[in-house]
Each structure stands twice: as C-alpha cells, then as structure tokens.
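Note that the chains take the letters A, B, C and D in the order they are written out, and that residue 1 is the start of every chain.
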Amino acid sequence: MLSKRTVIGLLTAALLSIPATVQGAEKVRVGYSISRTGLYAVATPVQQQTYELWRDQINAAGGLSIGGKGKRQIEFVSYDDQSEPSKAAQIYEKLISSDKVDLLLSPWGTATHIAVAPVVERHKFPLIGSTASTTLVRDLGAKYMWFTEVTPADFGGDLPKLLGSIGIKRVAIIAMQLPLALETKKFLVPALHQAGIEIVFDQEYPPDIKDMTGLLTSVKGAAPDGVIALSYPNDSMLYLSTAREVGLTAKFQFLEIGPTEAFIQHKFGENLDGIVTIGHWSPDQKAWPKARPFYDAYKARFNEAPDNLDSVVSYMSAEILQQAVEKVGLNHEKIREAIATGTFDTINGLVRFKGATNVGTPNGYLQIQKGVPQIIWPDQIKTADFQPKGPWK
Amino acid sequence: MLSFQLLIAALATGSVYALIAVGLNLIYGTMRLLNVAHGDLVMLGAYATYWSFSLLHVDPLIAVPFVGLLAAGIGAAAYFFLFQHFLRTGSLTDRIEANSLLVFFGLSIAIENLASLAFSGNPQAYEYLDRVIRIGSASIVGNRLAALIIALCTCIGVLLFFRLTTLGLAVRAIIQSRDAAEIVGVSARKTYLLTFCIGFGLAGMTGAVVSLYSQIWPFMGFSYTIVGFVIIILGGLGNIVGSIVGGLLLGVLETFGVAAVGANYRSILIYGVFIAIIIIRPQGLFGTKSTAR
Amino acid sequence: MILEVDHVTKRFNGVAAVRGVSFSVPEGAIFGLMGANGAGKTTIFSMIAGNEQPTSGDIRFQGSSIQGLRPWRISRLGIARTFQIVRPFPALTCRENVALAVLYGAGQDSSPARAMRVAGEILNEVKLATVADEEARRLTLVSRKRLEIARALGARPKLLLLDEVLAGLTPMEVEAAVELLRHIHRRYQLTIVMVEHVLRALMRLCTEIAVLDHGEKIAEGSPQAVSADPVVVKAYFGAPQ
Amino acid sequence: MRPLHDVRIIIAALVTTAAVVVGVLFFASDYFIDFATSLAMWIALSESWTLLSGMTGYVSLGHVVFFGLGGYLTVLTFGMLPIWAALALSGACATGLAVLVGFPCFRVRGPYFVILTFGLSEFVKYIVVNVEARASKFGRLIFGGPDPNEVFLIMVGLAVAAFFLSYFIRRSRLGAGLRGIREDEIAAETTGVPVARLKLIAFGLSALIPGIAGGAFLFRSGYFEPIQAFNPSISFSMITMAVIGGTDDAYGPLIGAVALVTLSELLWANAPEIYMTVLGLLLVVFVIWVPDGIEGRLRNWWKTQRA
C-alpha cells in the first residue's frame, strides 16, 4: 500500500534530506534532546558531557563498529528541549522522521522520558533510557524503551533495610513536592512501617522554598536519629547550610539528589562527609573493571569527577547501545531484539533487562567519606562501611 | 516558636529580599518600567563575584562594590541603547507597563541563554567564610551573616541617599510627580539615567551577596525577580521604605510562617498573604491610594 | 425640577470641599455654577455624575434620588458630563469616541453600525466632521473640548453637565463655543448645567446662576441679580473695583 | 471599534483553514502534525489572552492558570467522562474561576493587576501541588486518549473559535465598551459603560478557550504534573505572541503566533545554541521599534499603498 507515510517520506526526502544524505554515508548519526535551558538545565550538563566523552572515545578508537562489519564515526544531532517534556517529544519525532538519525540516546529526566516513550513506540525505534526513574513507565509495557536506572520503588523500598542494618530507630522525612521525591516517599513510608522504624516527623516542601530554618528547627525538635531528605540539588544545598546552623546532628542524614554534584562538593567540602545519598556505582569497586578507567577519563576531560548517578546511567545506556549495534548492525528491529535479550558489560557491571527494567544492576546507597562517595550498601558491592555522621565543622 | 534562630534566619533572608526589591522599585517608581530582567542582573553579579574569586582570588567582600559598579555600567548602557528611545516614544509609554515588561522579558531570555552558553549550565558555588558563628542562642554560617550585614547596610545606605542628598531628592521628586519635578528644574532624563545605574547596580550587588551562600547558575534569576515583584507590590510601588519593610516581612513569613503552618504550605501561605493584602489594601501596605489606579 | 441638589456636603479626609449646598435646576434651563478655583464646582459635578459620593445630603434627578448609583447607571438615566481636563479615548477616532457613548449612554443603541452613523451626525452638529476619523489624541485642545461635548451628546442626555468647556479658549473661540452651546441646547432640547469662570459667557447664556465660594453657596438668581450682589462681588472679584 | 465584519474574509478564512487541515491530515508527517497542533494551540491561547488584555488594557500575567486548570480537570476526569464533556467542563470551570477571581482582581489596575494575576496563578499552582501530594500522586500518566490527529482537529477548532470570538467581539458593542475601558476607565463609566460587568465578561471569555486548550494539550502530552502544567512561561509566551503580532485586531495574535512558532521551529532546528537568545532580542526589537505589532505595520502599509 502506498501509505501516507511513504508519500511524505518521498516528499521530505526530496525536499529536506539532501544535506543528510551527503554526510550520512560517512557517519552514524545519533540523536538526542537535552534541556540546555529552563528548570532542568542545572542538572543536564553531566549527561551531555558523558555523551560527548563516549562519542570522542569511540571516534578516537576508529568509530562505532556496525555489526562487526567495519567502523563508522559518530556524529551527534541534538536539540534543546527547554525543560519542556512536550517539546522533547516533538524533538524525538523530528529526529526520527525528519532528521532520520540512525540511533537515539535519551534525554534528561523522568518526565521527559515519559513524554518521549509514546514517540519511540510509534516509530518502533529503540531507545535506552538513563536519567529517569519511575514506576509509571514500568507499567507502560514499552517494547522499545529500557531504563538503566533503578526505580524509586527500589531506593525508597530498600532504605529501611540499610537503616535497620545500622540501628536507626527514629526517622524524620522531608520531601520536595516533585515527582521523583514523592514517588520515592510512596515506597519508603510503608517499608519503614514494615521494618518497625518510627517516623517522628513527616513534611513536604514546595520547589521554590528559599529558607529551611523553620523546617529543620522542627525536625531537630522531633529528635530523630535519622533524617531522610527526599531532595533535589538546590534544596540539598539549603539543607546542608541550614542543618549546620540549627545544629542538626542525627547520625544518619540522607539527601536524595545533590551530594555527588560538583558544586555542592565545592561549597561544603569536608562538611559533606557522612552524608548518604542514592547511587550504586563507585570507581573503587574492583568487580567492575571498566569503572575506574571511565572515572579517570571523565576527570581528565572535564576536570571534575563524573556524577555517580547521572553520568553513570547515561554512559551505561550508551555502552549498551554500542554493544548491541556492534552485534547486529543498525536495523532497529534487530537492535531491539539484541537489547531485550542480551547481557551487557558496563561500567556498573553486567546489565540485562526484564521488560523495561534493568535487573542486572543492584540498587545501592553511597556515603561521602573524606570527600569520596563510597558504596555502603548492599554488602555484595560495598566499598566501605557506614560511618555515623560526625559533628558539623 | 519565637526563637532567636528563626529571627536571624528571617533577617538573613529578608534583608536580601529587601535589597532586591529596592533596586526593582526604584526603576518602577521613577519610570514605571517593570524590570523582569532584574533577577538576571543578580545572576550576572553572582557570576562576576564567583569568577573574580575563583580566577583572580579577589575577596568577595571587596568585590561587592565593584560588581555593583559593573552592573551600574550595564544599567547605563541599557538606558542609552534601549530605554532612552523607549521613554521618548509615545505609543510605547501609553501602555508602558506591558511594553516594558516585554522588553525586559526579551532581555531576560537573551541574558540567561547567553550566560548559559558562556558559563555552561553547570551550577557553581564556592567556599567562603564557612564557619558557623554563634550569636547568643542562635548560630549562622559566616557567609550568610556577611550577606545579611551587607544587604542591610546597603538598604540603609540607599535610604539615606534618598533622604539626604540632592540627587536622591530629585529621584524622589520624580517618583512623586514627574511634571511637577520638571517644573522645579529636576531633569527627568538625568534622573532616569541615575536610577538605571542605581537600580542595576543594586541588582549586581545583590548577586554578589547571594553568591556568598548560594549556588549560581544561568537560570537562577527568575525566582529572585518574582520575589522582588511580590515585595514591591506589597510595600507599595515607588515606596523605598515599603520595599525594605516588605522584604523583611517576607523573610519573617518564610521562616516563622513555615515553622507555624508547615513547609507544605509555604508557597500557598506566601502567595495567599500577598493576594489577601492586595485585595484588602489595593495600594500595598505602605502605598497611597493614588498609586493603585 | 429636573435636578435637585439637596444640602450636599463632601469631605476629603475631613476637609470639606462642598458644604451644605442646595440648588434646583428647572427643565430646559441653562444653569450656571460660578466660583473661583477650589470653590467646589467640579466636586458637585462629580457627585451628580456619580464619580464621587456625597458625604451627606441628597441628589435627585427627575424627582428620584440618584444617590449611590454607579456613574454608568446615572448616565443611562440621562445625565452626561464633560471633564474639565478633557478625557477623550486617545487612541480611538472621534467617530468611535462618540459612537461608544451612543452605544452605552441613555440611548442604548445595540448596533455598532448605526452608532457610527449617529456619531457622524453629532460630530457634524459640533463642527468636527472634518476630523471625524482622526485619532482623538491628534486633536487640538479646542477640538478636544468639542469632542468632549459631542461624546456627552452621544449618550443622549436630558441633562448635560459642562465643566469649564470655555476655559482656555481665545475670545473668538469662546464666541463660537457660545453659539454652539445655544445651538445644541435648542437642537437636543437639553437642560444644561455649566461650571465656568469665564463670567461674560455665563452671563450671556444662563437663565440662572448659583455662586460658590469655599464650598458654600453664597448667592443664586438671575445673571443680573447675581452680578449685582455685593457678596458675590466681594468674594469673586476680591477688592471692589 | 473596528470596521464591520466582512463576510468575504470570514468565508476565505474558513475555507483556507479547512484546506490546510485536510492537507495536513492527508499529506503531512507526524512531526508536522505535531507542529501544526502546537501552532493552533498558541493561536488559540494568544487570541484568548487579547480578549482581556488587548481589549481592556488589564495585562494578565497569570493566564496559564486556566490552561493548567483545564489540564488538571481533564486528567482527573479521564476515563470517567467522554472527551467532549471533559473539555467542556474544563472550559466552564476556567470561565468560572475567572469570574470568581475577577471580583477582587479588578479592584486594582496597572502593575498591581499584572503581578496579582501572576500571584494568583502561582497560588492555584501550589494548591494543586499540595492536593496532588496529599493524594500520593507523583505526576499522572494517561493512556488511550484521542490520537494525535484528533487532538490536532480539536486544537484547530479552538484556534478558529478563538479567532472568530476575538474578531466578532472587536466589532461588537461589547468590544467598543472594552476599548473604552482600556482608553479611560473613568470616562467610559461616565459615558454609560458598565465597566465592572464588562471586565468580568471579558475575563471569563478570555479564560474559556485556554481552559479547553489545557485539556486538549493533556491528551497530546499524556502526562500531568502541576509544576509543568502551571508553568508561568506559558503566560509569558501568550503575551509575547500577541504583542509581536499586534493586539489591535484579531489578525494580530494570529500573525504573532504563526511568526513566532514558525521562527522558533526554524531556529531551534538550525541554530539551537543561539535560538533562545535570538528570540529574546527579537522581542526587544519588536516592542521598541515595531510597537504596534506586525499587524499594525501591515495595516499602515496597506493604508499608504491605497492612499
């Protein structure tokens, strides 16, 4: 049948794709969208840098191996989605149907991934998600999308196990009113009840909070021995400076996102020691031989350490794509098959997928110790033992 | 509840709010321009301080006045290149609030995106005066205390400038009534240039102050702009004292209010109080009736 | 009596601008309100038109009180006013200015097309036909004052309040304006109340004059009687001439 | 008021729209349909914004509240109400909200009104944030809404409706009264214009279509999260398009939306690094040097050509 899409394909090819064919013969075009501006822009540079590192590493090694039949250089096609998920969906539509890229990498953020999912499904274009963590997509039954990151069900649900193992009995929870934090909380609270850990304080706060003195004074008044802050980078910063001022001295202090960010490390230095956060990767884990080289390469290139979460899951998604293409070439259906059934050796160990979920990488928690994030849980991948948070300096 | 700790925090937050609002209000009061790019000047000031600290090792406290001067220069440039013409064009000044809002909005978009191109989207922060200082029963990190002191002193300085100097008097006269001021020999144009310099300069200084304790990134400005607008409406447009009091009031609301009603309702509380005050007193807390119309 | 102002007082922040003023205007009259600046003339107009509320006292139009009514309601009852400092709609053409009044005033016309036509006719009456499609802000002061009258007429009033429509005009222009007022008074069968301090014009036009001084009425009567009243002479001209 | 309506223009507009819609549906790529949907949405939004702010001079900086509310109601009722009913409910509630908040809001003017409307939209946003958090929701995802072609048709319908609403109001008695309010509210009221009532009507009408569009947009994105749904930048975009196009006639916002959406499409595809900067500077240049908007310029040019 001469479908609508064929007609359009011919028309667009005639009108638009001339430059694409000229360059496309040589290079593999890899498309993605990223938030360079807007609300998310603060978090996206690490992912973008990771992609660039990956591309340059591959190109320096002669290019991306296509089904074992020769190598081609990688070229990026990327756009700014302005932190608007609907714009990101438009961008993937454009990348697929008008830019005709060969492969796709993921955008930044959960909401953005969710928005993009229907587009890649419709076009049957495989996309390995990275910096997104939600159970909403797990239930989508997506066939062309996978996630390298573990879900909030894991890092919310597992936290009481860590708490139990280090003897924390009374916790205070504060949570940002944004999706990731709220979803984590949804899994955290029942798990705490189940583990018999008492919640002595529980409050949320809006994204535009400017001062936490009132909130943390109340937390301190509840005298918890563990504080769980389901936070984002900006409010993690507020938490750290305010917790020092009000003298919050719980021996377990958890910040969901932020402690591994470079700017927070610059700002707080040794005061960050003892803070726990989510993360399942460390360059010091000897079981993952690729981990340390990645760390060193990233540090050499950008003069700062890679983010233990975002950089890692982004790099993993690129590695998986690279290995799938090396095996089966550029045919999307074959790539899908390869990703869905294969096992992949990444900087965070072996990855395989069950549905959209990465079942190879275990969930874990990091603690900053002497300025270095160490895995403190679970036991099979830990690189250091938990140390109670010392006094603020 | 009435803890000294909360009071110090309220002052630290409120004094910076006040500083933002004063600069914003000057530009509104004299020319009726709604400067929604004010927060972006704050951002530029913060970056300037950050770079001079991390590259040239300039003490941020010493950098504050120079950053202010730099921003004042930008203000002068903005006046000469854009707003001199703007203020002379009748069809623009007819609906001056809407039009100036849009011009500054355009500038804001351009500044933010240029900044993100030039400085990258990576947030920055630096460690400075990072000891916790005890004052009575309260403690505060040194850099926040420094920010508090600088912000308060600057606010008071601005206030004195407008009370005591001839130039300040001219600006106040223009705020009261442009026509009457011109009749008694105040040059509106010179005053406009001066307010642009002071308004932008204060924004830059705010940035330097904010950088002491906060993270810096290209899109940080908008939230400061919003805070500024809420305050100047609360305190009354064109009313400098109102802005200072309004800023401190918002700081109190932010700390004591959160402690009282819970952090969940922080933003509902702040905007709720704002809306209630405007509805009860359309001219703001300290405004006079005529300014509301 | 078409208009009765009954012991009206208006205070601004405790200061009385108008104190216990009463007067009545018979139907068809041209009634003058005279007084120096700050005597309270414009305040009385604002209270009649509903722009200000009296502190005490009552105002009746055609026998019923119009106290507390919004200005637009009063306009629809048949009272139209002009402003001393003219306030035409600057970005609208003269025709549109008047048409707006035709649509919304006492006439309540529902068709914009017809309103534009009627507006043209009224502009013709006040000799503004040539600038009918100019924007109001491009007009000279004289024309703007005429536009102000035209817009008031567009509202189809029974009672027209004219606030210093002659002030600031040259003697020749005053002459023409007086003619115009006489003309529209006849043409539209109006009652006119006018505030003025151009004395001679007032004397020529009015059937009755009330004199205000510092918010109080000090005299009322025919032009001749008023101008002869020693109280008026003292208050109005200061030292006897 | 503007010159009377011209039946030829109306028919031409409808025929052109119909032709474009058919052309897009049968020949355009999915990507282009996506683009056209967004274009239609922005036409609908900026036209609606001018109904209040262009006509009365009361600049609303909080129009996103109606858009977000529409989205919220649509996601809440998804699966319970048929699509048309959900959209109708969204529109009705948006109008209701406008009339309700209009009472207190119209007590103030100028910048007070500008910032008050902004504050109101933030206020409502954070109420929804809290309600959602209380309900343990972390964003809502919907499946099985109308397909992209249907959403496209709904948006085009809204754009056409908004355009003609704006077109006819400008040529009506109501429109004349609103312009009187913009020019001089006191003079207008003294001339018989019931200003309070007219302002409420204008506010209500200008909220109606954004409410429905918010619902339709939800079908397109499939995801609701209050911080995004009530994002103030949506209000700013409406204003920008309307002002660049010109707010004096219904053509203005239409031209503005087409120009800006197309331009940003071209720019982000070809100059992603600088495209926001260019947009920002263009806005500055337009407001200062083309203050009556593209439509105003065209109209003047047309006049001089004929003269």
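Assume a contact is a pair of C-beta atoms (placed from the backbone, for glycine too) under 8 Å apart; a residue touches a chain by one contact, two chains touch by 3 or more.
If you're wondering where the values come from, they're calculated on a predicted model, not measured in any experiment.
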- prompt: What chains, if any, are shared contacts of chain B and chain C?
  reply: D
Partner chains shared by chain A and chain D (touch criterion as defined above): B
Task: Select the chain whose centre, defined as the mean of its C-alpha atoms, is least distant from the mean of all protein C-alpha atoms.
output: D
Task: Going by C-alpha centroids, which chain is farthest from chain A? Tell me that one.
output: C
Field: Selected pair, greater C-beta contact count between A-B and C-D
entry: A-B
- prompt: Where the CA atoms of chain C average out and where those of chain D average out, how many Å apart are those spots?
  reply: 42
Statement: Per the C-alpha centroid definition, the whole-Å distance linking chain A and chain B comes out as 36
Query: Between chain A and chain C, what's the gap in Å when you average each chain's C-alpha atoms?
result: 74
- prompt: chain B to chain D: how many Å between their CA centres?
  reply: 31
- prompt: Out of chain C, which residues touch more than one other chain, so two or more?
  reply: 90-91
- line: Touching at least 2 other chains, the residues of chain D are 126, 129-130, 133, 276
Statement: Residue ranges of chain A touching at least 2 other chains are 36-39, 177, 204, 206
Message: Looking at the complex, which residues from chain B come into contact with chain D?
response: 28, 32, 34, 82, 85-86, 89, 91-92, 95, 97-99, 101-103, 105-114, 117, 226, 229-230, 233, 237, 264-265, 267-268, 271-272, 274-275, 278-279, 282-284, 292-293
- request: Can you check the complex and tell me which residues of chain A touch chain D?
  value: 4-5, 7-8, 11-12, 36-39, 78-80, 82, 84-86, 89-90, 93-94, 97-98, 110-111, 114-115, 118, 122, 134, 136, 140, 177-183, 186, 204, 206-207
Query: What does chain B use to touch chain A in their complex?
result: 3, 5-6, 9-10, 12-13, 112-113, 116, 120-127, 130, 132, 138-141, 144, 213-215, 217-219, 223, 227, 251, 254-260, 262-264, 266-267
Chain D - residues contacting chain B, complex: 53, 57, 59, 61, 104, 107-112, 114-116, 118-120, 122-123, 126-127, 129-130, 133, 236, 239-240, 243, 273-274, 276-277, 279-284, 287-288, 291-292
- line: The answer for chain C against chain D in the complex is residues 49-51, 70-72, 75-76, 80-81, 83, 87-92, 96, 99-101, 103-106, 110-113, 115-116, 151-152, 154-155
